[in-house]
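I'd like to ask some things about the structure below.
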Amino acid sequence: MSWNRRHVLSLADFTPAEYDTVLQTASSFREVLTRRTKKVPTLQGQVVANLFFEPSTRTRSSFELAAKRLSADTLNFAASTSSITKGETILDTAKTYLAMGTDMMVIRHKEAGVPQAIADEMDRLDVKVGVLNAGDGQHEHPSQALLDLFTICSLMDVEQPRSTLLKGKKIAIVGDILHSRVARSNIWSLTASGAEVHLAAPPTLLPKEFAAFVKESDPSISRQLFIHWTLEPALIDADFVMTLRLQKERMTSHLLPSLREYHQQFGITRDRLKLCQPDVRVLHPGPVNRGVEISSDLMDDPVLSLISQQVTSGVAVRMALLYLMGGGKVG
Amino acid sequence: MSWNRRHVLSLADFTPAEYDTVLQTASSFREVLTRRTKKVPTLQGQVVANLFFEPSTRTRSSFELAAKRLSADTLNFAASTSSITKGETILDTAKTYLAMGTDMMVIRHKEAGVPQAIADEMDRLDVKVGVLNAGDGQHEHPSQALLDLFTICSLMDVEQPRSTLLKGKKIAIVGDILHSRVARSNIWSLTASGAEVHLAAPPTLLPKEFAAFVKESDPSISRQLFIHWTLEPALIDADFVMTLRLQKERMTSHLLPSLREYHQQFGITRDRLKLCQPDVRVLHPGPVNRGVEISSDLMDDPVLSLISQQVTSGVAVRMALLYLMGGGKVG
Amino acid sequence: MSWNRRHVLSLADFTPAEYDTVLQTASSFREVLTRRTKKVPTLQGQVVANLFFEPSTRTRSSFELAAKRLSADTLNFAASTSSITKGETILDTAKTYLAMGTDMMVIRHKEAGVPQAIADEMDRLDVKVGVLNAGDGQHEHPSQALLDLFTICSLMDVEQPRSTLLKGKKIAIVGDILHSRVARSNIWSLTASGAEVHLAAPPTLLPKEFAAFVKESDPSISRQLFIHWTLEPALIDADFVMTLRLQKERMTSHLLPSLREYHQQFGITRDRLKLCQPDVRVLHPGPVNRGVEISSDLMDDPVLSLISQQVTSGVAVRMALLYLMGGGKVG
């Protein structure tokens, strides 16, 4: 077990040992979730504040449930009814929750870097409060990439999910790469695990500069990251296909011709999966636009689609993260 | 004790034995609610998701409290901040909550049939998740009718509330029958219990076809169901008067002349109750438009009005339903 | 220990013994909050309903956390999704929560007097439900003034915070006095504790009638209350400076020239504090408009600013109030 982080903000500098620690911890919590009483007293009396400056249902519910299953108390903050509208700064809001006695903060914000800024402030104040990035702008969404990793690795070895299982695997990430924090976090976790990552999108959603930027950030991954402006080369012999949610607003900003044309060119269907490995599986972070990113029947396929498993993994992985950030001690 | 349902979606096919099971179970939970510590560990570690696609305060709070008093964890979903606005289908939202580990779903939706469709999907997936209809369009609101039944039967025999107590009783349901899911569910429970049900409303809110439709659905109740386009015949010798909430939108759609005229013709007042049995009682599902469906002083009458008891019954009945749906085992 | 109140609605008639009871009880709960498991079973199985007819994040979260740390179940009502929009009266909403089994109600409303009216109704119904005013219009916000008192007295004697510590101290309250429920509640608590209270604001936000009104309500405090239309006389030799939040709407109603001019005349800065006692401290109820009521660097000063301590005190003081209102018995 290797863990020395108070905050989980980005996967850019996660080590293989840290990935494995998350996978093993999540695996033990998954066992808890199969019991009738799906609850452990680990974080009893501690407070997890969900500060969602950007609206969310599924991610907030998943974190809330993870916290409750660790017996923590939860506070939910929704921007719509918040003091933000009264002119308070985000850092001041975070410091208010700190002063109330919050032990961990789960933060989503539409601007990249907000969770990092809050974590920096907590460190500056020298308080033992962990900050978890639940999605910041187009930057990162680490818990989503970790649950994707856990889902894939658990499929390959349910008893001992570990990142080395991905060595040499080909993984296609398809869709709106440019605007996707999910894609960014997954690029870090998948390449660090030894996989080959193939990005596929129309040029407007995957400019050349994107790959250049990622590769410059970490030259060691350059041999594992490939860019395609058509779908087929990404799918050929792929072991896993990750589709991304398409924000329908992209069309109004003229980045896309039409949803129908997008589906024809980049939508994942049963037929197109024939290009992949015979045991290929499909992932999607949800919520899904049926018939756009993925065909409706493929989404519902209980073998090919891992979408439900991803949601289930999400609770176990988030329990693991809160547990590790909280010091990994059983309360 | 007779109970074999995973879901509670409609009262149309409830048997007298099932009604009595709910009444007896609610009666035992009512005792819990008189203790200082109003809580039992029955559903400890289980998750009840309140999926309210239509806004609600009182019903959601009642279910939330019922779940908490059974020691369940609750997840609240409010449509206003939901992925629904992001294009996800309702079934996909329900499946997301399923995959997170939800044990029971309480669902309200403005369209009739949504809870049934979700329950069907859960059964198709062969998962042991119970679905409870907390109001679907103008279709049904079974927990409201069950709490009305519990309120009435408890008044008649607080120790042993049972549906046969209603045999031969006359019950008037007054108001916007046409648009009322509460009325529909009550018609099933009251006629099944042997009561005579008299519906009273202006013709625009109670078309002939309504009674014909109900009677065709279940010919056995035709001798117990009566329609009146004036108030008096429904009130004469009535044992209980159920008033319904009037949606003020009805006026703008020209179904009603004015609130004042409505009150003059169909509003329940102390004076009008003189037509009923001497020990008549009045019910209303709330929230009440004072001075429209019911006069303000009658609503506040501690003897004649059962409105507060209905709210109290609601928590006990919803505890009973969650308990029975959860297998009736003490956790 | 002196406590005989079911409700906490106003501080106008609080006795010194009652202030001390709150301070001592909060002090013992503060100790609980330093433990790893910051929770006591005091209100297990009881229900605290937060009825916030006016939106709030910080106060609602503070009460919710206080209730959870006493192991109570909480119900949150937010006006935006409520039956209020369906025409139900506020008293009927409160009675609905009563009938569900609520033990204590925490109420915020934009109209002065609403919590009092609800408390009167509970008493009329002869039910043992406590009502706590969490801010009513421009009237009072007693828990805020009590947490201010606790913050100040704890600074002076952390082991034994008591109101007599304030005897002879000079406290400046600066800002929008006219519209501030926080100022009103603080005037009662500070004068009752023997302090000299100096109000400072532009004449539009502090009309002569204000002081006259307060003094008439309680002639005994007239020698302790002073009004200033400039900042300096209030600051000279002050022991504590309370700044109030400035509602930016005040400008649009022409009560203020500009935020910049306001800050120049009444904003609290490090420089201006030189007029005060050397060990002066600054308070603010939050949320803060940085650079308006108070300069940004002063707000962040870990010695001069008590703003974080106020938030922390808030949880302890609200635990104390819920505990005392609940009968002060350990459950």
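By written order: A, B and C. Residues from 1 in each chain.
Definition applied: contacts are C-beta pairs under 8 Å (C-beta built on N, C-alpha and C of every residue); 3 or more make two chains touch, one makes a residue touch a chain.
Predicted model only: the values in this text are computed from it and were never measured.
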Which angle of rotation, from 0 to 180°, maps the CA atoms of subunit B onto the equivalent atoms of subunit C, to the nearest 5?
120
Please tell me whether the contact surfaces of subunit A and subunit C are same or different in residue numbering, using the over-half criterion.
different
For subunit A versus subunit C, what separation do you get between their C-alpha means, in angstrom?
41
When you check subunit C against every other chain, which residues touch at least two of them?
none
Interface residues, subunit C side, partner subunit A - complex
33, 35-39, 55-58, 61-62, 64-65, 68-69, 78, 80, 245, 248, 286-290, 308-312, 314-315
Can you tell me which positions in subunit A touch subunit C when the two form their complex?
44-47, 49, 73, 75, 77, 81-83, 86-89, 92-93, 95-101, 331
